[in-house]
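See structure below.
Order of writing sets the chain letters: A, B, C and D. Residues in each chain are counted from 1.
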Amino acid sequence: MKEYFRNTWLGIYTVLVGMKITFKHLFTPAVTIQYPEVKLKLPERERNRLYVNMDDCIGCDQCSRACPVSCIEIETVKSIPGEDLGVTSNGKKKALWVTKFNIDFAKCCYCQLCVFPCPTECIYMTDIFEFSEYDRNNLVYKFATLSEEEAQEKKLNFEKFTAEKEAQKAAAAAKPKDDQKTAS
Amino acid sequence: MKSADDIFEILKKEFGDSILGIDKETPTEPIISVDPLQVYKVSKFLRENSDLQFDSLMCLSGVDDANGNKTNNADGDEIIEGGTFSVYYNLHSVSLKHKITIKVSTSRSEPKVESVENIWKSANWHEREAFDLLGIFFLNHPDLRRILMPYDWDEYTTEVSRHPLRKDYKNPEFYQGMKVPY
Amino acid sequence: MALKTEHMVLNMGPQHPSTHGVLRLELEIEGELVRKVTPHLGYLHRCFEKHAEAMQYNQVVPYTDRLDYLASISNNLGYALAVEKLMGIEVPERVEYIRVIMSELQRIASHLVAIGSNGADIGALTPFLYLFRDREHILSIIEETCGARMLYNYIWVGGLSHDIHPDFVRKTKEFCNYFKPTIVELDNLLSYNKIFIERTANIGVLPVDTAINFGASGPTLRGSGIKFDLRRDDPYSIYDRFDFEIPVGKGLMGTVGDCWDRYYVRIREMEQSLRIIEQAIDHIPDGDVQSAIPKRIKPPKGTVYKRVENPRGELGYFIVSDGSVNPFRVKVRAPSFVNLEVLGELCKGYLVADIIAILGSIDIVLGEVDR
Amino acid sequence: MYQYFYDLTGNTILATLIVAVFPLVNVLIVALIGVYLERKVSAWIQDRVGPNRTGPFGLFQTVADFVKMLQKEDATAKDIDSKLYNIAPVLVFTGSFAAYAAIPFSSKLIGSEAEVGLFYVIAISSLVVGGILMAGWSSNNKYSLLGAMRSAAQIISYEIPTAIIVLSIVMLTGTLSLDKISNMQTAYFWNWNIFGGAEFGITKFLLIPFMIVGFIIIFISTLAEVNRTPFDIPEAESELVAGYFTEYCGMKWAMFMLSEYGNMFAVSAIVSILFFGGYHSPIGYLGNTLGIEWLIPFEQAFWFLAKGWFFILVQMWLRWTLPRLRVDQLMSLCWKYLIPYAFVNLIIIGVISLL
């Protein structure tokens, strides 16, 4: 019988305690912020969208090798000795034309493994997180600065250059044989 | 608190040839290898014996050793013939606070291991997962079905793509009309 | 002639408001009484183990985040400790201290979600929002240090990805003082509420021997009265330097090992985590957190099994390496995968509403169950 | 009021129509404000802001919901029992709306001064059970069937404590007509039944504790009858997804919501009539002091609505604090706790009323 009354008393008492707490919360100001108008200030180490500063990029392919989901595609073309490709901010001489530098943000898992190995720190994470698209293909960002024709033209130069080198090497290889013939 | 060697001695004395040996060089833990069809008796002994008392199976993992030779099967896929699958049992005794790892290796063509399900209940799903992902059959397991892969995975897949964790696994082209490769 | 009755099979399917993810429970019920529960898994299977075989050792860390996405720091910690043990790397003191503090913060955050969703499953929606408001503090502290809120890729093999933020220590202390009174408020609002006790006491009682036999671990095991905590019984990193006790279910509101005990163990565990943080926060030695990170991780050929006290239980990594850069096989012993097996045993003879309460008290995360 | 309109219009049908429109308008307004208030109160309790995008302070939120409901396609499952499926929402709504016939909004504004008003209200509100069972059975969905079975058991068993407490009040007042009961509790608040009714004397002070116990019991049991937390088991979101109205969408679902809020107001109106003096103001009428006769009915209507809304707010406040009971605990609470207490209360009030 005692249990019966204890249950009733506990039932009423704990319900009232609960109600006291929620009543107190009726008057505490709201904790939530109104997102589109009020934006949260993100810390500076924030890891959201990647950005590649192309004039520092030497096309060393370190970041695409480090990426676990392989969402970075880079294509480079060697430059002919004559050409001048400029110097990166920390003084390294650039030797490769980066014809294609795509990051597929639909696949990227924002783990920041690509930022650490980059020798010239040209790839880093910004705090932009609102970049949703209607079509998934728009999420593939093209960072390469060379336009299509320039890329073609660079490729052609390079092929022409290698062809000339081949020819000279063949000629050089052919010449010593003549010497041997002449010498023997 | 028994070291791996004493446990090996006790087991060797008890079971003789079905304990195949102890491997101490490879790093981090000595591993006792046991004959796959005796594993039930050995485990029962490991659990009941007063000074061993391994009452909790920490983890049971199936591994495809991929030590066979590579050949091509009928429709040109590259598969591994021969070689072994091995199942590692990490055991731990809550009361006596010592640990041991038991290894069991079976042949790859028809992998059969004794199930330890009614010694440690937690082995039930681990064994089902090893069967599902590697194709190791656990004899007299209560309900050996697939646990993680879809139930009708067998109808849509060829021999080579039936168990995903095998080293020679190849993605099926379609699964229920959906293109599988990404 | 006995009336031919048939059990009704109710499908608490992958899409259900309180199965903590995509878990399908096939209930055989007779009226409201549940006769048999068969869980069906695999709806969130993302082949973590197959991925891990194609990745290098340091690239697997972001994948381990996604196993138990509510406690990713302890997933990273487990994986990092396993590979460090395989390669025999010694980690500087500063890294050890930061790892302990971070994993204790993560434990509190994960318990907050566990308790909140357990209460929401039973109908009390308000505590869920209060707990998420507190969890926001922890997430912003961690976000300041490593840039991400939930999936951190923070603990690497041999060190950490970032050093702690300059005002990390101040903010953590602030959080500790802020959090203590909210636990008391939660206690009054939910733990001692008669209806909550009525719904959880004496429900889903897990006896001791089935708990050990099924390999349950974490709050599910400790709820049944067994004082087994990896931080104390199989100490890893520097947990043996801190004194904290291990809360155990005592059956205050019913029999030992019922839903209420598992719920109450989690609350006391949060207080213990606060104690650990307060002891560790003032003695973080200085040093470089990235000094012991090997340039190229190529562990020797061999196997390792390392286990860590994840907020849901014993998280074990079994790694087989064949000496190359990619791990040969990574098997994860997920605590929720093993604790879920107990559900079949636990739910016989209870009502449909209790299944939800029991599932909430075992606190599973499907990312870890299906890997 | 009917007489007033009959003289005005002349034919009976038009008059009854006008009289019937008043409670309907009230139910719609209650639903309109109720849904909005439910979201705002839950937001304030949970330290959130609640809807504030549609109109100033989010006032048009319910209008937006209503329009959404209107334009929603009435998708029904394949093999549902269409006749029952369509009647169910109508039945549930009429069940809860019919209770307004006997409720006096003010001395002038009353549907029908039926002598057996209270008896009629309790009887008609059990019509809802039929509707819910039909909804649960006809939507051919296991969860709805479970929800319907639970709610049938719940509403039927919680009518008994309500009936007992109503009986104890009727013993005191002697009449079943709601109008007369509220008239008995005239003038200031200490004449209300909760404070022992109008006559002065020893019985008034003896009655107070039992009246308070009676009020708590009837408040809990009417809460259960309306399926509000902690008794919202038929549509328990976390177990049965949405109970008996899982398969309904669009206007049919809105009918269920309308009847829920209508029922909430009807129930809190009955509680306020029985215990808190119906439409009588606690502090006397402005009309009397200023001598404006026609103002009094409006003041009475205001006080009646204020009390009704106060109880609705308390119901909402309870909803966002307490977890949900299980079905068998619900039954044991009713049969083992509420009914015994109600009986004891009945006997004691009976004895006191004889003094």
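Keep in mind that, in the parts below, contacts are C-beta pairs under 8 Å (C-beta built on N, C-alpha and C of every residue); 3 or more make two chains touch, one makes a residue touch a chain.
Please read these numbers as outputs of a predicted model, since none were measured by experiment.
Participant: Measuring centre to centre, with centres taken as mean CA positions, what chain is farthest from chain D?
Facilitator: B
Participant: Starting from the mean Cα coordinates of chain A and chain B, work out the distance between those two points in Å.
Facilitator: Centre-to-centre distance between chain A and chain B: 40 Å.
Participant: Between chain B and chain C, what is the gap in Å from one C-alpha centre to the other?
Facilitator: Here chain B and chain C have centroids separated by 26 Å.
Participant: Distance from the CA centroid of chain C to that of chain D, rounded to the nearest Å?
Facilitator: From the centre of chain C to the centre of chain D is 45 Å.
Participant: Can you give the whole-Å distance between the Cα centres of chain B and chain D?
Facilitator: 64
Participant: Could you list the positions in chain A whose residues touch two or more of the other chains?
Facilitator: Correct list: 7, 11, 15, 18, 21-22, 25, 31.
Participant: Would you pick out the residues of chain D that each touch at least 2 other chains?
Facilitator: In chain D, the residues touching two or more other chains are 45-48, 320-322.
Participant: State which pairs of chains touch, listing all of them.
Facilitator: Once each pair is checked, the touching ones are A-C, A-D, B-C, C-D.
Participant: In the complex, go through chain A and note every residue touching chain C.
Facilitator: Touching chain C from chain A are residues 7, 10-11, 13-15, 17-18, 21-22, 25, 31, 42-43, 45-47, 66-68, 109-113, 116, 125.
Participant: For the complex, which residues does chain C have touching chain A?
Facilitator: 55, 58-63, 65, 126, 130, 133, 136, 143-148, 151, 153, 161-162, 165, 185, 188-189, 192-195
Participant: Help me check something: in the complex, which residues belonging to chain C touch chain B?
Facilitator: Touch residues, chain C against chain B: 41-42, 45, 47, 49-50, 85-86, 88, 210, 212-216, 226, 228, 233, 299-305, 307, 314, 316, 318, 320, 328-329, 331, 333, 337-338, 340-341, 345, 370-371.
Participant: Mind listing the chain D positions that touch chain C in their complex?
Facilitator: 42, 45-48, 142-143, 146, 229-230, 232-233, 236-241, 320-329
Participant: Note which residues of chain A are touching chain D in the complex, please.
Facilitator: On the chain A side, the touching residues are 4, 7-8, 11-12, 15, 18-19, 21-23, 25-32, 34.
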